[in-house]
Structure formats: C-alpha cells, structure tokens
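In what follows, a structure is listed as structure tokens, so that the remarks can point back to it.
Order of writing sets the labels: A, B, C and D. Residues in every chain begin at 1.
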Amino acid sequence: MIPLYIAQLGIILAVFGLLLVAAAIMVYSERKVAAIIQQRYGPYLVGPRGMLQPIADVIKLIFKETLRPKGADRVLFMLAPLISATAAFTAFAVVPFGAETDLFGLLEQPISLQVADVNVAVLVLFAITSVSVYGIVLAGWSSNSKYSLLGALRSASQMISYELSYGLTLASVLIVANSLSLTKIVNAQQGTWFGWMPAWFVFVQPLGFVIFMIAGVAETNRAPFDFPEAEQELVAGYHTEYSSTPFMMFFLAEYINMVTTAAVATDLFLGGWHGPWLPEYLGWIWFVAKMGAILFFYIWMRWTLPRLRYDQLMAFGWKVMLPLAALNLLVTAAGVIYFGY
Amino acid sequence: MLRFIPLLPFVGFLINWSLGRRLSRAAAGRVACLAMAGAFAVSAWSVWQLLQLPPEARGIRDLVMPWVESGALSIPLEFRLDPLGAVMILVVSGIGFLIHVYSTAYMHDERPSEFARYFSYLNLFAAFMLVLVLGANFPVMFVGWEGVGLCSYLLIGFWFTKKSASDAGKKAFIVNRIGDFGFLLGMFFVWSQFGTFDFQGVARAAGQLPPEAAFGVLSLATLLLFVGATGKSAQIPLYVWLPDAMEGPTPVSALIHAATMVTAGVYMIGRNAVLFGHAPETLGIVAGIGVATALMAGTIGLVQNDIKRVLAYSTVSQLGLMFVAMGVGAFAAGIFHLYTHAFFKALLFLGSGAVIHALHGEQDIRKMGGLRKELPITYWTFLIGSLAIAGVPLLSGFFSKDEILWKAFSGGHTTVWAVSAVASLLTAIYMFRLVFLTFHGSRANADANHDHAVAPDDHGAKAGHGAAGGGGHLHDAPPAMATALILLAIGSVLAGYVGVPAVIGGSNRIEQFLEPSFAVPGVEAAAGHAEAVAHDGEAVAAHAAGGEAAQVHGDEGAAAGADHGMELKLMAFSSGLAVAGIAIAALFFLAWRRVTDRIASAFSLVHRLLLNKYYVDEIYGFVIVRPIHWISERVLWKVVDAGLIDGTVNGAGASIAGWSDVLRRLQTGSVRAYALSIFVGVVVILGYYVWR
Amino acid sequence: MVPLGHYLILSAILFATGTLGVFLRRNVITMLLSIEVMLNAVNLAFIAFGRTIGSADGQVIMFFVVTVAAAEAAVGLALVIALFRHRETLNPDTFTSLKW
Amino acid sequence: MATDLLLFYLFGGVAVLASLLVVLRRNPMHSVLLLIVSFAALAALYITLGSPFAAVIQIIIYAGAIMVLFLFVVMLLNAHKEDEDLAAAPKGAAGPLRAGALLGVVLAVELVWALVKAGGTRDGALAAGASPDVTALGDVRELGRLLFTDYAFAFEVTSILIIVAMVGAVVLAKREI
C-alpha cells in the first residue's frame, strides 16, 4: 500500500518527466513532419531514424557558452527564461489527463491523474498563461537589443489581444459545463448523444473550438502567429541574445506550452480521456491520441501557412476573433438558459 | 366697444411710427386723420348708446382684462363711459380730429419723415388722452395721465434742434413729474383709505363718510390729487411750463395745451366730485388757487407781446376759472366751461397759427397789424373766438363763464366771485388787445418782420417761405386750416346752447346730463342732498354733499325767486364787464397807442414786473433749480457717484484681483502639491477620529 | 486563523508605503505604481473583512476596485505617453503648466 | 493555527518588502516587476483568506493585464532611470516631497494606532462572530449572484466606466485621431 502523498509526489514527478519527454518528441516530430512536408529526410543519423536527435540537441545546447550582452540587466536577463519555463510547467499542473484510478488497488483511495485539482482550475490556467507573457517581455527588454525589444513588444501585445478571445471561449465552455473545475468539465462530456455521437463540447461549441485553437496558436507564438521570433524580420525575436541553457529553456517552454494548450483543448472540447471501447483505466490513451492529433495539426499548420502581417494579426484579433467570441458567449448563455442544461 | 376709442388712434400711431418714414406726407396725414375720425365716430356712437339709457343708469363699462391681481389689490384694465366721460371724449376726439386736419396743412413744410413723426405723436396723445378720460379706476387713468405728459414733452420738443424748444419740453416734463408725484401719493392714499381704486367704489365709500369739518384724511388725499391737477392744468405754483410750451407747433398748443390735456386736472376733480365734495378744506384751497391763477395769468397776459404766449396765459387763467368752479362745488359748471373753452381756445390758437403761418413764423404782435384785409377768414374766426372767450352774451363762453360766476356768488364766495369777475374783465381786455394789435391798425414795419422771422428759429420751411413772403401779399389760411377754423367758430358760437341757464328760459340741459357723474353712484342724488342739508346749512357743506345736489338746491332757490333777479343782475353785470373790457382795449390799443406807451413807461416798474411774469421763473430758478444743480454737482456727482459708487465698484474689482493674486499661488500645477493637500485632509480627519 | 487585526495592520503599512511612493518618486509611472499599491492595500482590507464576517461582499468590492484600477491605469498611462511626447521627460514636477 | 500565521507572515513580509522596493527602486522596470511580486504575495494571502477567486482575479487582471500595460509603456518610452532627469526637476518641488513622505509615515502611525485602539474589542468580536466557511466564500456562483443582483447597478456603471476609459485612452495616446 502506497500512502497518498507518495502517490501525489509520484504523479508530480511523472508529469514533469512526461512533459520533458513530450517536448522531446515534439521537437523530433516537428522536424520529421517538416521534412516530410518539404520532401526531405529530416534527422536520420542519431539513433534509429534519428530518434535520439532531440537528446543530441539538448547536450549540444548545454555545452554551449552562456552569453550575456553588454548593458543587459543581469538579474532579469537570467530571470526571464526561468519565468517562461516555470509558467509552462505550472500551467499543466491543473490539467487532468486521466480518470481517477487506484492503480489496480495499489492505493487505498483513488486519485485523479492530475497534479492539483483546484476548483477554479480554468481560471488558474488562464492566470498562468497570462503571467507567462512576462518571460518573453522581460527577455526582450533585459537583453538590451532592438530585435529583442521589438519581439517582446509584439508578443506582449499579441498575447494580451488573444487572451481576450481565449478567455471568452473558456467562459462559454464553463457555461455549458456549469463548472470551473476541469475534471468536472471533462466528466460532463461522458457518454454519447443519440447513442452514436460522442458528447463532446466541440459539437456544442464548434465556433468556440475554432476560436480556441486559433487563440492557442497565437498564445504559443506558433506560426502563422510567430511574430515574437519572426526570423525574417527580427533575427530571432525575443531570444535573439540567448544561448545555451537559457535558450533551451525558452525552447522547452514553447513546446510545453503547445502540449499544455493541446491538453486543455482536449479536456475542454474533445471529452478528455472519455472514448469508446477502452476501459476507464486506459482512458489516458484516448487523451494522448486526441492531444497528438491537435499537436500534429499545429505542426502541419506551421509548415503550410505563411506568416501574416503584424497589423493583420492585430486587426484579426480585435475585429474578428473578439466579436466572434463574444457572440459565441452570448449565444451559448442564451442557449443554456433556453434549453436549461 | 369702448376699447376701440383709444385703440384706433393708437393703431394710427403704430403705423406712422413704424413705417412713417416710408409714407408720403399725404398718406401719413390721411392715416392719422382717419384714425381720429374713427375714434370720433365710435365715441359718438357710444355716447348715443349712452343717451338711450335712463338718466340714473347712464354708464357703459368695458372690461378689457384683469390687469393687476394681487391679494386684496385688484386693478382691472377697465373703461367706463358716463355723462362726464361722454362730454370729454366728444371734445377730445372731435376737436382732436379738427386739429389733425388743420395740422396736415400747417405742418406741410416738414420733411415727410418729420411729418409722420409729428402725426404719430399726435395720435399717441389722442390715444392716451382717451384712456385718461375713459379709465374706470385710478391706475388706468394714471396711465393716460403719464402718457399725455410724455406726448406733450415729445411735441413741445418737436423741433428739438431748437434749444429753447427742447428746454421747454424738459421743463414741461419735469414740472409735470412733480405734479404726478402728488397725484401718485394721492392715489396710494385713496387706496389705503378706501381699499379700492375704482372711481365708483371710491365715490361710494366716500359717500358714506360725513363731509369733514376740519382738515382730515380726505382733505389730505384730495389735496395730493389736486397737486397732480395743478401740474397737469398749469395752476399756481406749477403753471410755469405752459407758456414755454408754446415752443411747440401751434396745433399742438391748440390741442394739448389749450383744449384737452391741460383740462385733465379739472376733469380729474370732476371725476372724483364726491371725494372732493367731502373735503371742503381742499375745495377752499382749490377755489383760492384757481382764482389766484386766473388773476395772475390775466395780468401777465395783458402785457405779453408773443401772440401765442398771450393765448397761453389766457388758457391758464381760464383753467383758473374752471378750478374756481370746482372749488365752489359747481362741478357741472366747471366741466361746461371746459367744454366751451375747448372750442374757442382751440379756435383762437389755430387762428394764431394761421397768422403765424401767413407771416412765416412771426409771433410778435408788435410787428403785426392790419392783417384784417389779408386774412379775412382768420380774422373773422379769430374775432368770434375772442368774443366767445370774452364772454359776450349769446356766445358759448358767456354761458359757461357766467354760470361759474353765478355759482361762486350764490355759493357765498363773494370775494372769489369778485376776483373772478376782474379776471374775466382782464380776459376781455387782453384778448381784444391781441385782436386789435394783430388785425387792426397798420402793419408796423412789415419788412422788419421776416429777417426777424428767419433769424430766431431754423425750423424747416421758414427760410424758403420767408423769401416768398416778403412784405407783399399774404395768402390766407389754406382750405384744410380754413375748414377747421370755420367749424370751430361755429362750435364756439353754438356750444353754449346746451347749457342755457334756467333764468333765461333755458333748461340747463348739460348740468342735468352731467348730474349723475357727480352724485354718489347708485345712491340717488336728492337723498345725498337731504342728508347734507341735514348736516348743516353751511353752503360749502351743502355743495360738499355732491355738487349736483347743491346745484339742485340752487335751482330750487332760484325757483323760489329770491335770487332769481340777482342772477339776472349778475348776468347783465358780467356781460357788461365783457363789453367794458372790449371798449377799454379799443381805447387803449386802437385809439391812443401813445397814451398806452406813456402809461407803460410811467408805471414801468409794474410793467416790467408783468412783462417778466412776476419773475416767477427767476424765483424758481434761484430757489429750486440752483440748489439742485449745486447739490447734484457737489454732492451727488463729486461725492456719491465718483466717490462712493465708483469707489465701491472699482474697489470690488481691485479686491477680487488682489485676492486672486493670493489664491493663484495655491494653483501650482504640480500634481504632488495637490496630492499633498488631499493627504493633509485625510490625515487630519483620520487624526480627529483617532484622538476623539 | 489569523486575527483580522494582522491583515488590517498589513494593509495600513502597504497603504502608507504607497503614499510614500507617490511623494518620493520623481517618475510619473512609479507614482502610478504606488497608487496601485495603495489600491491593493485597500483590497486586502476588504477581503479580510469579508472573510471575518463570512460574506462575499468583500471580494465583490475588490472586484470593482480592480476594474476601476484597470480604467485608471489605462487613462493614466495614456496621459503619461501624451505628456512624454511633449516634454521628453517623466518628471511630474515639470508638468506644472495649467494651460498648454 | 501555526501554519496559517506562518503563511501570513511569509506572504505579508514578501508583500511589504516588495512594495517598499517598488517605491525605493529607481528603475521603473524593476518597480513594475516588484509590484507584480507583491501582487502575487497578496494573491497568496487571498487564498489563505479563502478567496481563491479573488486571488485568481488579482493575477489575471492585475498581473496579467494592468502590469503588462505598465511594462509596455515603460518599454515604449524606454524610461530611463530618473536620476538622469533629476536636473530637469524645478526647485521647490522638494517641499511637497518631504512633507508628503512625513505625512505618509504619520498616516501609517495613525492607522496602526487606530487599529490598536479598536483592536482589543472589535477584532475579538469579529473573530468570534465569524463563521468562516471557506467554501462559501470560494464559491464563484455566490459571487456571480451578488455581482448581478445586489451589485448590478455598480456593475453596469463600471462597464460604462471601462468603455469611457478605453475611448479616453485612445484619444489621449493617439498622435492624430
């Protein structure tokens, strides 16, 4: 019998490790997918089919020299990547990725596969994403360089702009699920409608789903919204001046954010770990599958779509996304009142 | 219906005043005359309506609207027509109309705009005068009262480019204001006594009271009203403005300063007959002032050389006679005289106007003479007028004046009677002096006249006319003037026959007609009389009970026959006076001119005294005007205005500026300072609650 | 549980700190920040009270305060930008002219 | 309990320290970040006060929105350390400075004293009268209900205020509208 807190600790560690692994996998798969899309091989030397490539990258980065530009703010320059990484990891803390389980009787009481089940989980998530902007902004400002500053400014404004529609879609989902806790939201999507159609919120909130995805892309500074690090315009954006470990942290943070966003999307719209055929305790497979699909979609999008222009981005965010999100929220509220969920 | 009587002239005023400068002379004149004709027609019609009613209930009221309503005070804008009013409106609108017609010719030399201005004023005057006589209560009457004052000011100063004219206007206005002040006080006093402004109401209330033996509230009220009357009607001590008013155009003098406005005072007393009747003290004063004025003006008139001034003084003295009538309680007689006087005095003024017109502005009778041939119409009409005013039997003046004298005598005021007789003798003398000097004899230095004529005044056409005039042939009054003159002449002959005394087979109709206006309304006259007699046999008191009652008393007496012969004797005597006056005038001013001059030089002191009108103007100037000037300049201007008022105002400004300089320091645009002030407040308040 | 007084004293200290900032700093932005500090002190007091009397009103009021703070920050910063454009400085003591 | 008090002192201390530094640092950028720290500390305190919603709001709006705005401006104006434009400061500005600082201290003293005076009686009463069921406070539904019933009017007014502020900010900051 393993006491509860040990189990909790275990989960925490597991989540941490899994996130790292996920990041690695993401790096590899991204390169591969990109290669496939561009009709090349991609990494194939390190390990079988170059599967160990990410590890090689990590080692390379670690052994690089840590540079700090002259006139950079010492403290902040170092603080920035930490903030990003921390925020990224923390965000996942409130995301449940599996049904409650007692690990086949190993525990005296079942625990949910989740680090912290806060009853305002969604808001916490939101809060953390909103904080994660600081990492980028500080990085840009502290490294005392035009490109960085511009990148920082861009990312700041971009994130703030898209947070609004992001939050509004969250709100509409909350209304439908009638709860703030992610676990409850997921459980609300159990079962099917009309016997064949999975009761996922994506079918209730199609528009919300689309908006959420787009906003998520913007939040994670992915193409086609990757302005903070638009190679062609600002050498590498906010992390131009970074190298070695700090750079790695940003790198990590970006991929983990992707994972987190995908996970959240899964929980909110795709019914989390609920799915047919598989037993409860294997629900996490469904979860991973759905997440994988979304992530693939991300990569796919990145390598197919060109980058917008900055003003287009802003205009789109404020003049299309926000109104649509607000409309969606209103319609949802009205519907909920009308059908009396 | 009554409201249209004043309204029509007012409309005429509005037209001429607003778009007069665009109208031609003919148009403007026609508008004005039509307005007056309309007024006269309406008046005649209303009077006809009035006559249909039974004598006791004769009265038409027309409530236009409630005017002032506040608590106990209620002043409706109301017109009332009663016998007295009837006589007045007929005189005002009728003679007014004739004078309008006359003016169209007389003012023909004016520029069109001036012409229109003149007629607009004239119409306005008529409107106000009619309001005055029709007003059913004091305030409405007062509106008219002030209005006519204004118009007389405007018209006296019509040729305002002439200093003397504008001065005369101001003088008239100011003197009138003094009188109006008295009138206002009287009004308020009446209100405070009787709680009403309505004439009938006042009369009823006063009717209840016994006539005052001693000087009391009624006497005070009536006295104050009488002050107003002296102002309007040019009695001692406020008569000084009238002679100067002759600066105005002659028709104006005829209409305002002879026929209508100046009689307002008399009318006002008649209107409040009952009130005055109950204040014998005041009546006494009125009689005294009246007779004094009559005599004084007569004497002055004797020596004046300006044709219009002579007429002006005769007006004053005639008004004096009217006040005598009022004073002895013979209200009807007073109004009767007012009515006849309106005719012949208007006639005389217009006649003089014709003469002046013919002589291109010459007004000095010493430069006239022998106009009889050149101006026949003027001469004859003027002669008729003079005979009438002199009181030659069978002309209107005779009846009315004789009535007054008889009433004075029979009322027991022998002294009053005597002085009035002298006054009327003087009237005859100076009038015929005027006639003889103007129309008879030979034209004294005719060529001297127009350089003199052109010199003094620069009004419109004189210059042009003067050239044509020369010493040669003078043309008589143009048709418009002539008609007016003739009509008025007829009037002044016949007007008297409405009041032929009973003695000579007439039945004094006008007196019976007017009777109800002087009795307590509603209360039957005889009763009032009886009650009065019951009070005491004293004559004034008997009159006091209401003049008409006294009148009836007098007639009864006549019927008794005791003083019937007396009345006849007196009548003969006064006509004798008239003839005598004419004779004297003939002697001194036709036959022995030199003797006259010698007498004048012999009694040069008296002569100069009279010539300078007893130096009254100078006295006033010294006693009143000079001190006022001094005070205004030394005290009011230098000290009060420049020192006090300006000082206060400037001081206020300066102090504000100074304080702003101080306060501006607080307005440092520094955010921190403001925050500091806020926090001081916070800390203090919090501190208070902590330490408490 | 922690007695109310502690929270109140803490909030008082924070508030005073904020006022200090408003007066000591020569930088408009920092002054605005100090004002935020003061607002937060107030929020703390509200929530502490709400907790003590066991009602949610404290949080609601805090919510309103936050909203107002947001508005204030937006306008304030806009002003700062406008002023900086004219004067090339953020020192509040240089913005003393009452009319432009 | 001890842990409670411990947490209080910990986060309270952080908050005070951070705030003091916010005031004392010369570099606005640092001030902003320190302010965020103090916000975080306060948020933690809110959680200990059983108001997680308030805490989250604190982070989302204050840290996530308002402070980003500040950062933004700081970066935009590239606000230098204020020592540089100390020279530009006109004379006589020192008066308010000192007086204000003094007042701040006085204010603190007053407040504390007031609390101490009242503390003995009130605090006990409040603590006693309090039935602190944290769940009730944490319940977001309850908040929502309050917000849209008792405080509906205030809510609407604030929304108007926000719009006005938005327009005003745009008008002020835009070079030419």
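The criterion applied here is as follows: contacts are C-beta pairs under 8 Å (C-beta built on N, C-alpha and C of every residue); 3 or more make two chains touch, one makes a residue touch a chain.
Quick caveat: nothing in here was measured; it's all calculated off a predicted structure.
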Nearest chain to the global Cα centroid?
-> C
Name whichever of A-D and B-C has more C-beta pairs touching across its two chains.
-> A-D
Per the C-alpha centroid definition, the whole-Å distance linking subunit A and subunit C comes out as 34
Centroid spacing, where centroids are CA-atom means, of subunit B and subunit C in whole angstrom | 86
Using the average of all C-alpha atoms in each chain as its centre, how far is it in Å between subunit A and subunit B?
-> 110
At what distance in angstrom does the C-alpha mean of subunit D lie from that of subunit A?
-> 30
What are the residues of subunit C that contact at least two other chains?
-> 19, 22-23, 93, 96
Residue numbers in subunit D touching 2 or more other chains?
-> 53, 57, 65, 72, 76, 93, 96-97, 99-100, 103-104, 107, 111
Could you list the positions in subunit B whose residues touch two or more of the other chains?
-> 670, 672, 675-676, 679
Please list, in label order, each pair of chains that touches.
-> A-D, B-C, B-D, C-D
Show which residues of subunit C lie in contact with subunit B when the two form their complex.
-> 19, 22-23, 31, 92-93, 95-98
Spell out the residues on subunit B that touch subunit C in their complex, using ranges where they run on.
-> 667-672, 675-676, 679
Residue numbers on subunit D that touch subunit B, as the complex places them | 93, 96-97, 99-100, 103-104, 106-107, 110-111, 113-114, 117
Name, in rising order, each residue of subunit A that touches subunit D in their complex.
-> 73, 76, 118-120, 123-124, 126-127, 130-131, 133-134, 137-138, 140-141, 149, 152-153, 156-157, 160, 163, 180
Sort out for me which residues of subunit D touch subunit C in the complex.
-> 1, 4-5, 8, 12, 15-16, 19-20, 22-24, 28, 31-32, 35, 38-39, 42, 45-46, 48-51, 53-54, 57-58, 61-62, 65-66, 69-70, 72-74, 76-77, 79, 82, 85-86, 88-90, 93, 96-97, 99-101, 103-105, 107-108, 111-112, 115, 119, 122-123, 126-127, 129-133, 136-137, 139, 142-143, 146-147, 150-151, 154-155, 158, 161-162, 164-166, 168-173, 175
